[in-house]
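Same chain, two partners: subunit A is paired with subunit B first, then with subunit C.
Showing the complex of A and B:
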C-alpha cells in the first residue's frame, strides 16, 4: 500500500501557490506591493496579505541600502510597476524605518465581508502611516469616579514620598 | 543449561588465569629487555634515524593564505536545530584532523585512495575530475569522472567515510560552472585524465585559477537539456551545436523573475564567517 502523504505534505515550502503559476504569482504580488507603497494601507485577502508582507519588508531592507546601490535599484524598479513610487520608496519609506531593525508592516484580519465570495480579508499597512490606527486605543475618561479617586491616591503617595526624602 | 554455565565459569576462570600469567610473563620480559642484557653486546646497537627537521614556511604569512571554507560546513536553510549542525561540525573536524581533505572545487583533478577488501593490496586508487560536490555535513560527497579503456567511469565518494585513506589534489582549478554533469554529453577528450598524472604545484595564496574552457558536445540528444536557462551553464560551446533560432526557442523556459524573488535568497556571509572562525579554532587545537 503506497501512502501518498508525501504529496500532501508541503515539506518546508514557504511560498503559497497563487494565481496561474509562479509568474502570475509574482506579478500579482508586485501589483499588491505597488499599491501598498502608494497608499500605505491596503485591503486584500488574508493569504495575499501574508505573502506580500514578507516581500514588503525585504523591499524596505533593500531600500535602506540606499539609492546608489545597483542591486537595490534593480529590485525597486522590478517590484514597483509604477516608476514614480521608486523615489518615494528611497526618500520617504527608507528614512522612516531607519531606527527599526525589522517589522515595518502590520497586518490585521478583518471580520465581516461584503464580498459575494465570502473571502476572508485583511488590512496590510506600513507602520507610521498618516491614517488613524487600525486598533484604536480607548482613552480612559479622567472624570469618572474611580479614576478621580485613583488620581487622588497617587497624588497623596507622591506627597508622602516627597515629605519622607 | 546450568551444567553449561558451570563449564563456562571454569573456562573463563582458566582464561583469566592464563591472561594474568601471560601479563606477568610479559612484564617479566619487558623489565628484562630494559636492562642491558648480555645478548646485546654481541650485535651492534640498533640504528635510530635522526629526528626529521620541522619545516616552518615563513615566506607566506597567515594573512596571505587563501580563506577557504568547504561548502559542506555551511548548513542549509531548514527548520532543524542549529545544535545538530554544530555537533556535525565537531565530528567533521575530528575526521579532518585524522585525514587531510584539501581544498578543491568542481573541475579540479583529484586522486582518491580507498580501502577495498576485494582489491589486491586492499586499496584502490582512482584519479578523476571532480564534476559535482553535493551534500551537507557528514554526508558530503564528491563525484569523480574519468574515462578508462574508452569507458566513462564516475565514482561518488563520501568525504567523511572511514574507507577513504587519502585525498590528493593533482590540479587545483575552478571552472565556469559549479556542476559539470554536462561532461557526460561532451566529447570524451574533456573527461579523460591520465591516471599516472603527477601533482601540479598550487599556490596557497592568491586566486584559484579559473579554466574558462568551453566544452564541445556530442550530437544531441543529451541526458539533460543543458541548453535550458534553469541550469545556467556557461561552459558549453552552444554556437557549435545549436542554431540561433534554437537558442531563442529555449528562452521560453527562462524564468527572469527568479533573480528578483527575495524569498529564494539565502545570505550566508555572516554564517560563513562564524563557521570559518569556529572551524579554524577547532583545527588548530
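Showing the complex of A and C:
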C-alpha cells in the first residue's frame, strides 16, 4: 500500500486492537465468551467486556435459530471452545431470551483493580442469571410516617373516585 | 419560700371557687411549673447515693454492648450519648424490656435497651408517639395564643391513627369567643408559634406521679382533674404520666418523643367547630407534621396539607364496621395488608 500520512493518524477509527493481531483478538474474545456462557457473569477489563458484548448477543441470535440449523451449529461450535456448553446455549439460553428482541447482556463498570496496572474493570452478565442483582433495588419501607400519610391520601382519593363514578 | 407556700395556699383557695374566677394564664402556668419542679426534685432525691445498673443495648451493630449506668439518674438519652452522635440526634423513643420508655425518663433497673428511630423496619409505635407529641405541641401553642382574659380549656386529644392524615387537639374556648371563626392569618400565626417551639428544641420531660400530685398540678381545671382520675383508673399501676415542655405541663395518654426539634415541617391546617359540649363550644384544631429525618417535597407537602384541612372523624373503638364517611379510614391495621 502507499504509505500515506492518513495511515499513521487514527482519527475516527472505532475498531479496537487487542492482543497480538486480529486472530489473537478473536481467540481472546472466544475464551471470554466461553467463560460468559459457562458462568453467566464474569469480570474483565472494560474494553474486553465491551467487545465481547457484541459477539455474545450475536451468538444468542444464532442460538435462537435452533440447533437443527447448520449455520447456527457451526457458529456455536466455533465460538464455544468447551463443547459441553453448546447444548447449554441451545437448551437454556435460547429459550430464556425468546421474548427479548435484543439486549441479552448487561455491563456494569466497577472500581479499578488494585494491582500495579490499575486497569478499568467491568462486569458482564447475561440477563436472567441466578445471582443477586448488580444494582440492588432499595426497598421503600411502607410503614414510615410519610408513607403511611401518603397511603391514607391515596385511599381517600380512590374512595372519592369510586364514589363519583 | 414562705411566700411561695402562701401564694400556693391563696391559689388553692382561688381554685375552690367557681371556674369563672380563674387566675390569669401566666400564674396558672407558674403554679403548674412549680409543682412539677418540686415533684421532680423530690423523685430525684430518692436516690441520694449513686447505685450502678447494667444496661445491655440492642440494635444493628450494637448487640452485646453493656453499659454501666446510674440508677434513677441515667436516661436512655445518656445511654445514646455513650454510643454515637447519630444515635443521639435520631432516636425518638426507647424500648426498655419491651416497654415503651420516653427518652428522658430515668432508668431504675438493669434492663435491655433498644433505641427506636423513624426509619426502623417497624416504626408504628414511634409514629403514634410522634402524632401524640404534635397534638401536645398544638395544644401548647393554642393555650399560649390567646390573651389573658380568655380562658382556654384543653380537652383530651383523641388517639388518631396516622393514616387519617392529621393530628387533632380538642379545645373548649371561652364563651366570649363562641362567635369567633379563625381566619387564615390566625392559622398561620399558630403555625409560626409552633415553629418557634420547634426552633427552641425543648425536651419533653416525663414524670410519673401519683394522682394526688397530678390533681394539685391541675387544680385550676376541672376537666383536667377528671381526666387525671380517668387515666389513673385505667393505669394498672395507678400513676399518671405528666410531661413538661418549656413551661407548659400536660397530661398524655402515651409516651411522647424526645424533643420538639425532631419535627421539621409543621402546619396548623384547620380549626373546626364541633358543637356544644359539656365544657362549652368544642373546637377541633388539626395539623400535619413531618419529622426531620423524613422530609417531603413541597408538592407532596401541599397535597398532605390540603387533606389535613378536612375534618377528621375519630374512629370509635365500639364500631366494628368502618363508617361510610369518606374521611374515616378503617381502624383495623391487621386488614390493611401491603
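The working rule: the second predicted complex is superposed on the first by the 150 of 165 C-alpha atoms of A that agree within 3 Å, B and C clash if a C-alpha of one lies under 4 Å from a C-alpha of the other, contacts with A are read in each partner's own complex, and residues count from 1 in each chain.
The rule we apply is simple: a contact is a pair of C-beta atoms (placed from the backbone, for glycine too) under 8 Å apart; a residue touches a chain by one contact, two chains touch by 3 or more.
Nothing here was measured: the structure is a model prediction, and the numbers come from that model.
Participant: A:79 contacts which: subunit B (first), subunit C (second), both, neither?
Facilitator: The answer is first: A:79 touches subunit B but not subunit C.
Participant: After superposition on the shared chain, which partner residues are touched by A:54: those of subunit B (first), subunit C (second), both, or neither?
Facilitator: The first partner, subunit B, only.
Participant: Have a look at where A:160 lands relative to subunit B and subunit C in the superposition and call it first, second, both or neither.
Facilitator: Once the two structures are laid over each other on A, A:160 reaches subunit C alone.
Participant: Looking at the overlay, what does A:150 touch: subunit B (first), subunit C (second), both, or neither?
Facilitator: So A:150 only meets subunit C here.
Participant: Do subunit B and subunit C touch any of the same residues on subunit A, and if so, which?
Facilitator: none
Participant: Of all residues in subunit C, which touch subunit A in the complex?
Facilitator: Residues 118-119, 121-124, 127, 130, 162-165, 288, 290-291, 294, 296, 300, 303-304, 307, 326-327, 329, 336, 338 of subunit C touch subunit A in their complex.
Participant: Which of the residues in subunit B end up touching subunit A in this complex?
Facilitator: Residue list for subunit B touching subunit A: 78-79, 255, 257, 260-263.
Participant: Give the list of subunit A residues in touch with subunit C in this complex.
Facilitator: Result: residues 141-146, 148-153, 155-156, 159-160, 163 of subunit A touch subunit C.
Participant: In the complex, go through subunit A and note every residue touching subunit B.
Facilitator: Listed in rising order, the residues are 12, 14-15, 22-23, 26, 54-55, 58-59, 62, 74-75, 78-79.
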